[in-house]
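Shared between the two complexes below is subunit A, which has subunit B as its partner in the first and subunit C in the second.
Right, the complex of A and B next:
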């Protein structure tokens, strides 16, 4: 089939753009470990509050210096609603929902995940800039959705 | 019930009642097209009014113009109305009116089924909006994410209205889609091979295949929800072992093809408008058609990009990121083809052309932010923020609505016999472009600065007041532009210039008959020898104004209306939790289908 030189140019050009896009995504995912949160761990939403993994909520510092945050979302609050983590330290969030779908977005950072009842959402991130951050629920969850937020305070690390 | 030419001549004795009756029982694709357009435009105004109320509420932080409950109903019904009751049927108005004319056919394949689709759509839309009257409008979002929609978290009739209303409207779409697939495949004029069909008709064909395959998916999701709510099943109940993610997968498996159901007809419209006003055949016709097909097929493989934030895992995320990037290629190809069509053409900037060019410009913006979402890391910064609102409004308002306005200005003279005012049209265009850009452009920044979607008010400490106010002003300007259009319609009815058969010098068959066309469309079925019959060197034979002998056209029937009423009575029975009313509605439906089937063709 005869393909005009201009058409061939656009075809290869478009192909190259796609290859570059996919390459960057693959590079970021594989070599830099930048993958979206994914963690298939289930929890019975009826016993969230008594489940050993979520009975104690808040900030915990592991022996290796990494920090773990456990929170539960419910209509229309986060439990606990204020957390303090050190700057420049990897923080692992372990979150779930006690009732309906909720969102968990820390404004001004790349932390954003959906809290699905029945599943544990887990991701690790690092906060470089100390300060106060707003955590909002961005997944519509009912009447007082707009009033569902919490505060993250990133403190100067030692 | 057959009518001949003579019976269609306007009779001075025709009373208003019999005129209304003739519209209710009509099976003429042109009249049904006008009914679709008028009804959908009213729903468009309703959805726009809901949007304006939301924007006024968000104009300043901490406002209390509407309550949180009212706001939740407004955004749910705004989305549902615009997608199912405004955009889809506005496109359907063109499917009905234009497709048979472009094919050289005298009507659609199943005229009474066509009437049934229309009445099912209008009654289903009224049914859903009746929820406002009883104070129980749907309030769980147009996406209705489980398990907020369960009886535990959404008691009352709100979600019931939504789940049943959508099924009724969805059935109307599927019925119409089957009708148009058969029409396009079977009723083409002699010589009109598939690759000679106008691009608009091609895009309609692709759209109808997507409707036929996508709507059953949402129907299944809705039936599960219906069973959960009415009969206590546990499809979406986590505590009982169900999974809320099932809804998300089913909804977006329908929801993303739905996006292409909305945009492909608009792409088809501007693929007609741009060549006509550039006096050039569409650049790369075959590539544009194949791109449309490819969009229709690839559209099935991208749904999980709505769900990156769920955490599906790197493999799933990478696959859906890749397919989402791939779908940008056929879309980009089309954009280059439109630009190449304008390139070197004798461009005439009529209002229809302005809207078509506006489509290209605004759709590029919406498409670019769409490609941004295809990368999961970027998507995580944007999802569920106003950035996404900005993105899809650029696609659906700057894209689909612009395309539909282009179609209205282009085909209005064909439908009514009179031209719309170009001066008022240009006011409409510029106000609309300025208004929509003022509304939606700041939303990109508002979103990146962290304003989540679906919040009825926000804190002044977020520092988003100014940009939200700009959006509200833009929404008001867009609203005014729509009023300017309404004035243009009124002006055209009163003072519009007579159009004649072919005011624009179009290339396709609909321009070879008078405006508005006679009930039988073509006195002689044209023979098609080229892709652009009216522009081809060989030319096409003139179609005589008056047929040699009377032409049989199908007469009216009221059974489609009765059948649609039966469906909506059954739906109302479900809302009332009354089995007898449901059975009554089903009986009406059964009887009318029987009567419809055995209705004599000739009376």
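Right, the complex of A and C next:
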């Protein structure tokens, strides 16, 4: 099979681009722990409100100082709809949906996950800048989807 | 052959009709999204319109256009009529009836579930059954095309298939492999559930099956566009195909790499482990390779064309290309937009960066460059080339046809750049309004939604030009014997012996192995896990 010399160069270049892309992604995943939220845990969506893991919602500080936020998404709100967490502390979010698919995105950060009924979404992040953040549902969930949001307040750490 | 021409015309006709309706919906959405005060503007209309636009463009327009193009290209390239013409008509009617059913459900407000129809949002059963019939129709078309190819193969043992047919075969294989996922979702989950035969559905399993289908769906659209780039564009530009064997390699690579990548749409999903998401990322990166090779081969073919037209210096060949030929300008502009889309796609596919853009306006900016430009603009250009030959009339209003691709290019640049930027700023996609009770951050998005609306207006004008040219050609074009469909000759002459890339069965086997590696374990362990189903909801 004859391949033009320039095209040969190009193909090596294309292969290199693919390899570099994968190298960066693998490096970020392995050395910096940059992996997408992939927690596997199920919950009965019809019993979310009484399930012990979600019966009490809001912000909880663990004995080791880490912070845990539990929220439930429903048509068309987050429960609770305002949370306060300290800056510069790892915060673990535990979230699920009580009805259809919802999204959970904290605008201005890279906190973003799908909320799938029957499954628990969990990820840990840290907020460096104190201030008020907008949390939106970014997955269509019905006619009032555009009204589904909550507020995150990051307070100066003590 | 007359019969086949009518069949191709019917398929392209439905495609153009679907495009026309969808483009009108898109226009309304762009204005609505910019919060312009339209009559009847309401969330109900907006989400209904988003659903209609997605289904009509992504599923109806593309599938019918590909069926029509496929019939025209294969019968011409093989030099023989379709093997089972009646079955081919059956395919057309099954797909048409199915599409009409789905559209009835959408426009009567019974299926406002968007074109991704994620459960537990629950649409009317006719919506699911209609879309299933559309797929069944496309399967019958696939079988007819494969049967025609098999008949030709018996008559011509040992010669490589014409390149256009090689590409159409790749399209069909990708499609047959991909639709297993959506068929399983429809038959085992959504149809019985919407009929009330089962009470609950597992939404995550549905997403896995949907995206098993959803990514190769993109290649089902793109491969026929590449067929036009490789086999029609060089000829129309007045040149030759730079490399026939590499084009065959590209199609073979698409057969194996299109499907085992679906988790890159589910990076943000719970319940799928990061390791499997990473494997799909590797495959996704690999699929960049055939597109990069295509960029070289097609550009080199254009340079050959320019030089055959007498170009001398380094860049002179670009000026010498026949920019007034709407097929040539459409395809070149669609390639430029696709290059931009490819860069954005690399961000989407990067594991870590995806969380910044997931479900933001960035995504709609991205896929309007890929399917909305690389595919749709190529198909429009293809229609300018194909439809006159199918109906035996001159292209009418050809001034509009010449302007239209450039308008699309500018409109799409505005639309998609605005959406990429607002997406990076966090603005979600597919939302009726982005005010969020006057939250301060949203004020930064507002001006850009106006830019995207302006882009939408230009796109609408462009699409209207296209529709006028099509209508004018079919109704009023001068009846005249048209030049036959012709394909580009390779620079190095026609291949005489088949290459490894022509051994389609080999690539099918590799594709199946890769799919099993990518999906068998995650699916099996998902099914083995304790799961709770969801009842349906109809909040629309």
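Simple rule for what comes next: the second predicted complex is superposed on the first by the 156 of 158 C-alpha atoms of A that agree within 3 Å, B and C clash if a C-alpha of one lies under 4 Å from a C-alpha of the other, contacts with A are read in each partner's own complex, and residues count from 1 in each chain.
Here is the rule we go by: a residue touches a chain if its C-beta (ideal position, glycine included) is under 8 Å from a C-beta of that chain, and two chains touch if they have at least 3 such contacts.
These figures come from a predicted structure and were not determined experimentally.
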Sticking to the clash and touch definitions up top, decide whether subunit B and subunit C on subunit A clash or fit.
clash
Between subunit B and subunit C, the one with more contact residues on subunit A is chain C
Using the touch definition from the top, say if A:41 reaches subunit B (first), subunit C (second), both or neither.
second
Between subunit B (first) and subunit C (second), which does A:25 come into contact with in this model arrangement: first, second, both, or neither?
both
Partner chain in contact with A:5 - subunit B first, subunit C second, else both or neither:
neither
Contact-wise, after the overlay, does A:116 reach subunit B, subunit C, both or neither (first, second, both, neither)?
both
Output check: A:142 vs subunit B and subunit C. Expected answer is one of first, second, both, neither. What do you get?
both
Tell me which stretch of subunit C runs into subunit B once the two are superposed: 223-231, 493-501 or 511-519.
223-231
Contact residues of subunit A, present in both the subunit B and the subunit C interface:
7, 10, 14, 18, 21-22, 24-26, 28-29, 34-40, 44-46, 75, 99-101, 103, 105, 107-108, 110, 112-114, 116-119, 121, 134, 136-146
Would you tell me which residues of subunit A are touching subunit C in their complex?
1-4, 6-7, 10-11, 13-15, 17-18, 21-22, 24-26, 28-29, 32, 34-46, 75-76, 99-101, 103, 105, 107-108, 110-114, 116-122, 134, 136-147, 149
Footprint of subunit A on subunit C - complex, ascending
43-44, 47, 50, 112, 114, 118, 120-121, 202-204, 207, 242-243, 245-246, 266-274, 277-278, 281-282, 285-286, 288-289, 292-293, 296-297, 300, 346, 350-352, 354-356, 358-360, 425-426, 428-437, 439, 441-442, 492, 499, 529-535, 537, 539-540
Contacts from subunit B onto subunit A in the complex sit at residues 68-69, 72, 140-141, 145-148, 153-154, 238-239, 243-245, 284, 287, 307-314, 317-318, 321-322, 325-326, 329, 332-333, 336, 371, 374-377, 379-381, 383-385, 449-450, 452-458, 462
Which bits of subunit A are touching subunit B when the two form their complex?
7, 10, 14, 18, 21-22, 24-26, 28-29, 34-40, 44-46, 75, 99-101, 103, 105, 107-108, 110, 112-114, 116-119, 121, 123, 134, 136-146
